[in-house]
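Chains: A, B and C, in written order; residue numbering restarts at 1 for each.
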Amino acid sequence: MPAYSTNMRLKFPIVALALEIITIILFAVFAVYDDGKSDGHGEHSNKTDHEKKPMDLYPMFQDVHVMIFIGFGFLMTFLKRYGFSSVGINLLLAAFGLQWGLLMQGIWHMDHGKIKVNIFKIINADFSTATVLISFGAVLGKTSPVQLLIMTILEITIFSINEHLVASILKANDVGASMIIHAYGAYFGLAVARVLYRPGLRNGHENDGSVYHSDMFAMIGTVFLWMFWPSFNSAIADPGYTQLTAVINTYLSLAACVLSAYAISSLVEHKGKLDMVHIQNATLAGGVAVGTCADMNIEPFGAMLIGLLAGVISTLGFKYLTPMLASNLGIQDTCGVHNLHGMPGILGGLAGQCYHVLLVATASMQAAALASSIGFALVGGAITGLIMKLPIWGQPPDQNCFDDSIYWEVPQEEEENEGSLVHADHSKNKAEA
Amino acid sequence: MPAYSTNMRLKFPIVALALEIITIILFAVFAVYDDGKSDGHGEHSNKTDHEKKPMDLYPMFQDVHVMIFIGFGFLMTFLKRYGFSSVGINLLLAAFGLQWGLLMQGIWHMDHGKIKVNIFKIINADFSTATVLISFGAVLGKTSPVQLLIMTILEITIFSINEHLVASILKANDVGASMIIHAYGAYFGLAVARVLYRPGLRNGHENDGSVYHSDMFAMIGTVFLWMFWPSFNSAIADPGYTQLTAVINTYLSLAACVLSAYAISSLVEHKGKLDMVHIQNATLAGGVAVGTCADMNIEPFGAMLIGLLAGVISTLGFKYLTPMLASNLGIQDTCGVHNLHGMPGILGGLAGQCYHVLLVATASMQAAALASSIGFALVGGAITGLIMKLPIWGQPPDQNCFDDSIYWEVPQEEEENEGSLVHADHSKNKAEA
Amino acid sequence: MPAYSTNMRLKFPIVALALEIITIILFAVFAVYDDGKSDGHGEHSNKTDHEKKPMDLYPMFQDVHVMIFIGFGFLMTFLKRYGFSSVGINLLLAAFGLQWGLLMQGIWHMDHGKIKVNIFKIINADFSTATVLISFGAVLGKTSPVQLLIMTILEITIFSINEHLVASILKANDVGASMIIHAYGAYFGLAVARVLYRPGLRNGHENDGSVYHSDMFAMIGTVFLWMFWPSFNSAIADPGYTQLTAVINTYLSLAACVLSAYAISSLVEHKGKLDMVHIQNATLAGGVAVGTCADMNIEPFGAMLIGLLAGVISTLGFKYLTPMLASNLGIQDTCGVHNLHGMPGILGGLAGQCYHVLLVATASMQAAALASSIGFALVGGAITGLIMKLPIWGQPPDQNCFDDSIYWEVPQEEEENEGSLVHADHSKNKAEA
């Protein structure tokens, strides 16, 4: 791919504005405010409560909002020269994705032909963007903004189909979305990454790594995700004690997960040192893995066991599995989403099945939900990847991967320093500034 | 101005302590806790609700609080050597401003000669500081802490007069404060900046720019402002569905604004690259512009159109208008507040008028509110600028503008590196450390 | 101490996993979800309210959660090469501490032999970790993760005894925990630091200082602590107007404290410049000092006077007392917790006594609570320090103090730059990357 093909000057503005204008037209046709006068079917069981007090869920919504925009955005800033893209493209994709998600999820729950927008629906819209942001992690540094907007449309559209199937047809439980968001988003992203495989990056890339301060920025994302995960897993739970259960299970699972992630990181690393990649990611696996079970009566220690196990699996995945996926299967998973969202998401789905089995209830719908999520993810991701592979979206050449300066104006001084031109003529900068 | 005049040793402590002690005396005379036993007049319509549940608005308050202290504070850290001042002086001005605002706004709503402090009032106190923080952006890097404390007193005092005029006399609607906070704060700051015009900075300043990591810090501010703006625009709306409407309109306007800001940034920049200045600021213009209309029934797509337009205007303003204001009118607007708060604020005011016209209602009070806000801003800002121009406040000489080290103890090592002394004797640092 | 002793490879994973597994077993035996069907004794007066609406306190909990993980975590990132440990070990200790705190505090409030976990209890669990994080600040940079895990267990266990004594036996008031958390945590940490005195650090250490960007990261912690402190001091207050009083007193005390901290910082520093250490810490002293009185009717101006005084004491402490403690008493207090938590905590305790005296009520229980908190802290801290001093926990040798690279994998490039190898062979990095 020649370098000029990354010029976004017309491609990106046209695609972005066209998508936004189409979206606004669809909103003009379909979206109205929720006025509390619903016809009473087609939505979740806790609808009545929300209608009476339309702002009750608002603090939960804001916690989820922080996870989407600060959490995911900063978690990906660990790369030394890709921070603008991580937090900036995260904002772009999520801002478009929540509008698209509101439409795609809304069409399954119309009321007199209208999508009635309320807090419950915008929480779900934020959720739908999480799938895209997870997949974004798998292809981070190797895709253009236009490619990613296309991925956003396709991934959220397919997500809403799978979600409807799982929640309304199979009637499976997945309150914290281990399966329908985390496993789905991870395997979708991995399928895309596989299709977009770059042999030229087989031996790594000098910018595919962190510097000290970029790791610190990433910890902002990690900690906000960690803190607000109880809100993610409980936001759409039934109000009252069920919601409390979801909060407590997630709180405890995450706490236990921290201990196992730290322990395993130290165990597998050189001289027992901790690895920031593990700390930034595997400490969150407990939130993913307890998602499906979060509102179930698994007891506090059950939640902690899930978290403990998730931390172990996730850390080991980063250490041993990610390199293997890259070298053996051609899946170059930049952020290791398979370890944070993929395997813990499956663990969450399996834990939900175990719980149903223990209750001597049928676990088949839960199993079907997991299979459906992964199936949609792999097929949908592969097709999406093929579309993204068309050589017209301004994707970066190998040598410019993981580098903000291909899509962003980057301050000159920094570019020189980080480019290791230590003896650069700094007076030039000053003259330009 | 000779360099010694920036010595703050006595000026600043005396001014700061004197202001605080006077404020405490005024609080001792006038301020009491709200005990819910109000005499029932002189406050907003939703008073009864707040009295019954005094903590209902607290989560909203905290969101606004985060916008004021993290949002505004970090948004201004984009300058390479002015981060301490941005976040530190922001804290100082807002901490003093909220006390002063509580008094100035409170005197219009006394109850038996007392200001009854409650959550509603402290949200408004936080709001009043936003005007100062917007103006701070216009003069960032070119003013001393003492000058800025003086600006805080005057700007909030005048703000509270205009707010009373607009809300209680004109009875105009401005729930999200497009006019009375954003347009007012911007034009006040621009008037101050005009009076404080520095010909010596006509050709720029080497420190009036960002480095890679300072742009990352600024994104923390941007994203927190972006996320919590629905709280800003809905915090003092009527409870229930009106508040929900304000949340949804702001949420959607901001989302649409992101797409247009990104698109226009790419369109006007070299090779279609994105410019961090636009992303950090213009993505927020949708929140400003939908402010006046936020609680009105403009329909979701109406909010999105306002956001779309605001993103376009704001980005174009940064690209083309800010340089013209500086070169032609002598207005050196460091953060470009005219583009983020000024023009989008006017757009918001005009949108509010359009909505009233469409309802075949009179738009004249809305128009008067906008005119009043800008009039008070320009006259008040000019007078404030003249007072700030007195050569006794320790303002920095031109060559020390945009540099923390004139008012802060700055770590030695960093000072050297950033000053591009690449071959510096590092052993000196160690000896000193 | 020879260098190899810092190898954590087996020590740390074994200790961490063993502690977590023991904790899970204890949870399996004792912890259940709160189902609202309590036997009605043994808990705080506001229990009935919480049972009816189990999620009412959740937004308060999340604010406290942010203070613990972002606030404390980033506040300590000011050290130039110790950011990974500050935010990372903070996460580890708090994640383990909240589990241990839930058990230790829970055993005093059992219901049919079970600890019923609810939002009120997890807020208190978060609180219990604050004591550890304060003490962590006193020994920051000079201890191993294993030592700190041991400190966590002992400090929280002793804390829960003192808390039970103060709250249930003495029936003293300390809603914002000036005494039982802040003074206790500070003096516990100082006692530990005294026992772990390192003569080799008498003349400082090259890494015991900040760089420009590390000071910026620390401000993230400062500002989040500052903003959410009203939640810390009011979270477990009686609902309604009492809680409102706690919010307003804390809000105003903190605002006044900012002015005095800035004023005194400028007064005592070279040329009137502001010192980041003071701004990062002393601006928070108002939150600590108003803690005990937060829910008392001290009037708004009373809260502001407490804040004003706390800012003065704290800043002076950083400037004059901390160096004296180090040189004369052998207490090397890395973060100056004596100035932020110790003295303001005592001030808070004394303010509470004054208030009781003014009411012609007995202040003796308040005095006993303060004495108990400090007594338990000093004795408990000394014993804990002796245990931590055993040469088996992998503590760092003097020359490796304040350096992440002893317990963390640190990106190579940065290590070189910060280590001032300006002319380093950068091609080596690239080959490795």
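Heads up, the rule we're going with is that contacts are C-beta pairs under 8 Å (C-beta built on N, C-alpha and C of every residue); 3 or more make two chains touch, one makes a residue touch a chain.
Note that the structure is predicted; figures quoted are calculated from it, not measured.
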| item | value |
| --- | --- |
| Fitted rotation between subunit B and its twin subunit C in degrees, CA, nearest 5 | 120 |
| Same-residue or different-residue interface between subunit A and subunit B, half as cut-off | different |
| Rounded Å distance between subunit A and subunit B, as computed from the means of their C-alpha atoms | 32 |
| Sequence positions of subunit B contacting 2 or more other chains | 59, 213, 220, 422 |
| Subunit B contact footprint on subunit C (complex, rising order) | 59-60, 63, 80, 204-213, 215-216, 219-220, 223-224, 226-228, 231, 239-241, 243-245, 247-248, 251-252, 254-256, 258-260, 262-264, 266-267, 269-276, 279, 283, 297, 299-301, 304-305, 308, 420, 422 |
| Of all residues in subunit B, those that touch subunit C in their complex | 7-14, 16-17, 19-21, 23-25, 27-28, 31-36, 53-55, 58-59, 62, 65-66, 69-70, 73-74, 77, 81, 83-84, 87-88, 91-92, 95-96, 98-99, 117-119, 122, 145, 213, 217, 220, 406-411, 413-415, 418, 422-423, 426, 429-430, 433 |
